[in-house]
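Both of the next two complexes hold chain A, though its partner changes from chain B to chain C.
Right after this comes the complex of A and B.
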């Protein structure tokens, strides 16, 4: 498998009236073609900012984004059109990401005009119909407006629009968090089916870890603009190494006893994510970490590579893991 | 078995929108005993919030109660006069709203808002108190919801606090006036999972400590499972299933409950179900018979014209579905 996207030391700082917001700070990761990488973390962790930079909504402050061997870490309007069409995006809230005054046909045909150079009206309608079919919506939706559709149907339209330019990479920014689980299930199965059929690569951004478990091949956990752990999905959930990963997984309310069993013991959620304007020195998680020591307050942890592309940023992960697996209480 | 605190009997509520009547609640039966923790689950738009609002009689103006009754301590809330309602809201029952940003007054400090609520309850109870006593109670409430730096919080305006802190303030307010029953309407929906965990633990502890009853409404299924003793499953304004939490979550009976629970992604993996086809019906013209039949894979002819009644399938576990009539009908 070849790497389709590589992100190196990516950084984004925003200026605000209260100071510089360190939204994303020096993160690196890569994705193989046809796979899904998940970015998880609480609000304010920088996961959406990362997605937006890759999509070209704004350029990075520092660092590089290499897509298909091309450096695209420039201003979005300087990206070649041939690269732009290969990256699609689906936003969280389909009621604001679709123009309420356009029909579904208008919405989906814009990328067809811009990227696919379709000018013939009959061909346009045929292509829109095919795209709707791909996301399992009836063709007569073409003539409707977003307000006529339910939340799930609208999100399927947003997916059809993202597919119109025949992208290879799609950034999914919380695509189902505004929807009911019953509707979410439909959107996710459609996305997984499309990925299989078309060999798509996904960057999946969500705060829902249970959902992430079922969609991603590889997961990176972000906190205050930094990646603190990255691993294959199974390892990430069954053997988390970073205390923040453990805290996040242990907070999830579950539906079955089997799920309850895999939650880490001996750790529970504390405190809230601090402001990204003056992020804590050293390890940014130290203010909430129950295992933090003096060293964590001053020294930033370096990434430690473990088997199989796994990486963890914590000074004491070995000791913490030892402590939790030997002294853990039997049952919460 | 302790006595019943709240009982909703055959409640029908409709909303009129642009002159069209939408028949939303279609005969809700729900009861809460003293000290009991109740959960209500279901998709958005199935009437969960309407049910809660009926208990405090705070439905919007376009709502109309078409039938049924709400009894609190055996007394009809729907027939109460304004003095009785005020007393109910100030001293017995309170609500934790989904969005604390919208529920808190943006132009008053947190301390002032809490002061007013405590003061109102004390007046209603006929226990006048000095300013100092009320301030002490306010500080105690802030301490109970484990807000850091209570002094700063009391002097803050809502916008100066984070979402999690605002929700803690909301809970403190609910505790100040709800001395018997808390109605929690999606209290953690806008919060991160770590904060949700902290808030649910907090509510759980306080409810047990004070021996309050709670009705927790949420579409976060896992959150409900962990919190409550008994759960009601709602679909399109009807209760389709009710029972002890572990029985309903562990062994769901109604096709809707089964499909809803199967839709939730599992932390252990194993893929995702197809979800539930279709959507909640149009309430201006709801389907006759079982309201779920258009989306039900097991719907039979009878489901299309006659609504099923609740049958008990296991101890305390009831379901409204013709599939379960066999064992119980006679």
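Right after this comes the complex of A and C.
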């Protein structure tokens, strides 16, 4: 398996009226072709900003994005057409990401015109029809407008549009969170099916950690612009190492007693997320971490690599793990 | 590019019949809108058919018949006659032609470039392009409209063409400003971002993504503006800076008739009422169109 995307020390700072927003600060990760990386975190953790930089909505403040061996650390209009062809994006809310004044056919045919050089009208319609079939929508949808479709159907149209240029990487920014629960599963299964068929690589952004269990090969946990833990999905749920990860996992509602049993204990959601304008010094999570000590307030944790590509950013993860597994009292 | 429909159709959104039916229903449900449409229809039809329907075609030009001067309104002369003995009804109906001609010429020159400039300024927000375009429109809009037109019209020799030119020059910034604010509201929508990421060109983004979403406000303004352009044109004519006698221009007729007020009121009042009638019609129609378009 080859690495298709690699981001190195990616950073994005926004200027705002209240100061500099540290939306994303020095994060690095990579994805192998055909795999899915999940970017997970609470609101404001910089997930979308990361996705937007990779998609090319805006360039990074610092750091590099390497795609297929090519440096693409600029915004989309400075990237070669061949790169734009290979990277697709699906936005959170299909009611704003599809032009309300265009038919589904217009919407899906744009990437065909730009990248596939289809100029023959009959061929265009045929291709649009095939794309609709691919996402399991009836072909006669192409004459309709987005407002005539349900939320889930609209998102499938957005997915069909993203597929039209035959990309290798698709950025999915919370593709189900704006939709009814009833259609979320359908979107996810369609995405998984397409991935298998076409060998797609996904960057799957979500605040719903439980979703990642079935979708992602690798999960990166973000908090206030930083990645605090990254691991293969399997390990991740079995043995979360970072206290923030434990907090996220323990807030997932459980359905069975069995699930309840394996849930990490002793970590409750604590306090509010601080502002990204003045992120806490040291470990940004220390204001909410039940295990925080003096060192956490001053020193930024370095990433510690553990077997199997796993990486955790916490000064005391070993001790915390020991305490928790031996069921010691909560304070350390 | 694959073109399967005309550009206008595309700009209007090429929406299916259902939507037009819904809009028409909404339009129809307001009696004032229908009244506006009725007024506009009478104005347009009588303007087109004027040469065939007016009772005294010779009254339109330089015709004198002093024995008939200042006849009050009667069955023979519904609006009476003027100082030369010309039939004011015939001249008023013919005056619709000049009014509509003025509005058509001015708006057809102004709308497209004004709108495109505004879309460009809205698309290039926070750049020098935006600053340059919007400063320029601010300068034009800072001068009271009639004053600007007056200045231009008085530098050039007073006639219909030059008053059209003057109004044209002062009218485009309104479209630039409207298109700018509508575009600014649309340009950050994810569907525009999506098109940019795909790699669509500027032309596609302006005309296929943005334009269809701002067309309804532009269209509404065009309808409302027909009345206002006619009013400004009439004001210029009234001040002697527009069409010159004996042209049966409504503003000119009001000005000429005003000399004989209050004793002979009809040479003034009927053309003035005709101006009000046109403006009222287009305003009601414009409001109706706005309501109908905002329903979807």
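Simple rule for what comes next: the second predicted complex is superposed on the first by the 327 of 332 C-alpha atoms of A that agree within 3 Å, B and C clash if a C-alpha of one lies under 4 Å from a C-alpha of the other, contacts with A are read in each partner's own complex, and residues count from 1 in each chain.
To be clear about the criterion, a contact is a pair of C-beta atoms (placed from the backbone, for glycine too) under 8 Å apart; a residue touches a chain by one contact, two chains touch by 3 or more.
Predicted model, so just to flag it, every value in this text is computed and none were measured.
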{"item": "Clash or fit (per the criteria above) of chain B with chain C on chain A", "value": "fit"}
{"item": "Which of chain B and chain C A:43 touches, first, second, both or neither", "value": "first"}
{"item": "Which of chain B and chain C A:109 touches, first, second, both or neither", "value": "second"}
{"item": "First, second, both or neither for A:315, with chain B first and chain C second", "value": "neither"}
{"item": "First, second, both or neither for A:242, with chain B first and chain C second", "value": "neither"}
{"item": "Partner chain in contact with A:185 - chain B first, chain C second, else both or neither", "value": "first"}
{"item": "Contacts of A:286 with chain B and chain C, given as first, second, both or neither", "value": "neither"}
{"item": "Touched partner set for A:119, first chain B, second chain C, both or neither", "value": "second"}
{"item": "Arrangement angle, chain B at one end, chain C at the other, chain A at the vertex (C-alpha, nearest 10°)", "value": "80"}
{"item": "Closest approach of chain C to chain B (Cα atoms, Å)", "value": "11"}
{"item": "Contacts on chain A seen with chain B and repeated with chain C across the two complexes", "value": "none"}
{"item": "Partner chain B, residues of chain A touching it in the complex", "value": "42-43, 150, 152, 180-186, 188-189, 192, 207-211, 213-215, 233-234, 237, 247-256, 258-259, 262-263, 268-270, 272-273"}
{"item": "Chain A-facing residues of chain C, complex", "value": "1-2, 4, 13-16, 189-191, 193-200, 204, 208-209, 212-213"}
{"item": "Touching residues on chain A, where the partner in the complex is chain C", "value": "55-57, 76-77, 81, 84-85, 87, 89, 91, 93, 96-103, 106, 109-111, 113-115, 118-121, 124, 143, 145, 158, 161, 165"}
{"item": "In the complex with chain A, residue positions of chain B that touch it", "value": "43-44, 162, 164-165, 192-198, 200-201, 219-223, 225-226, 249-250, 259-277, 279"}
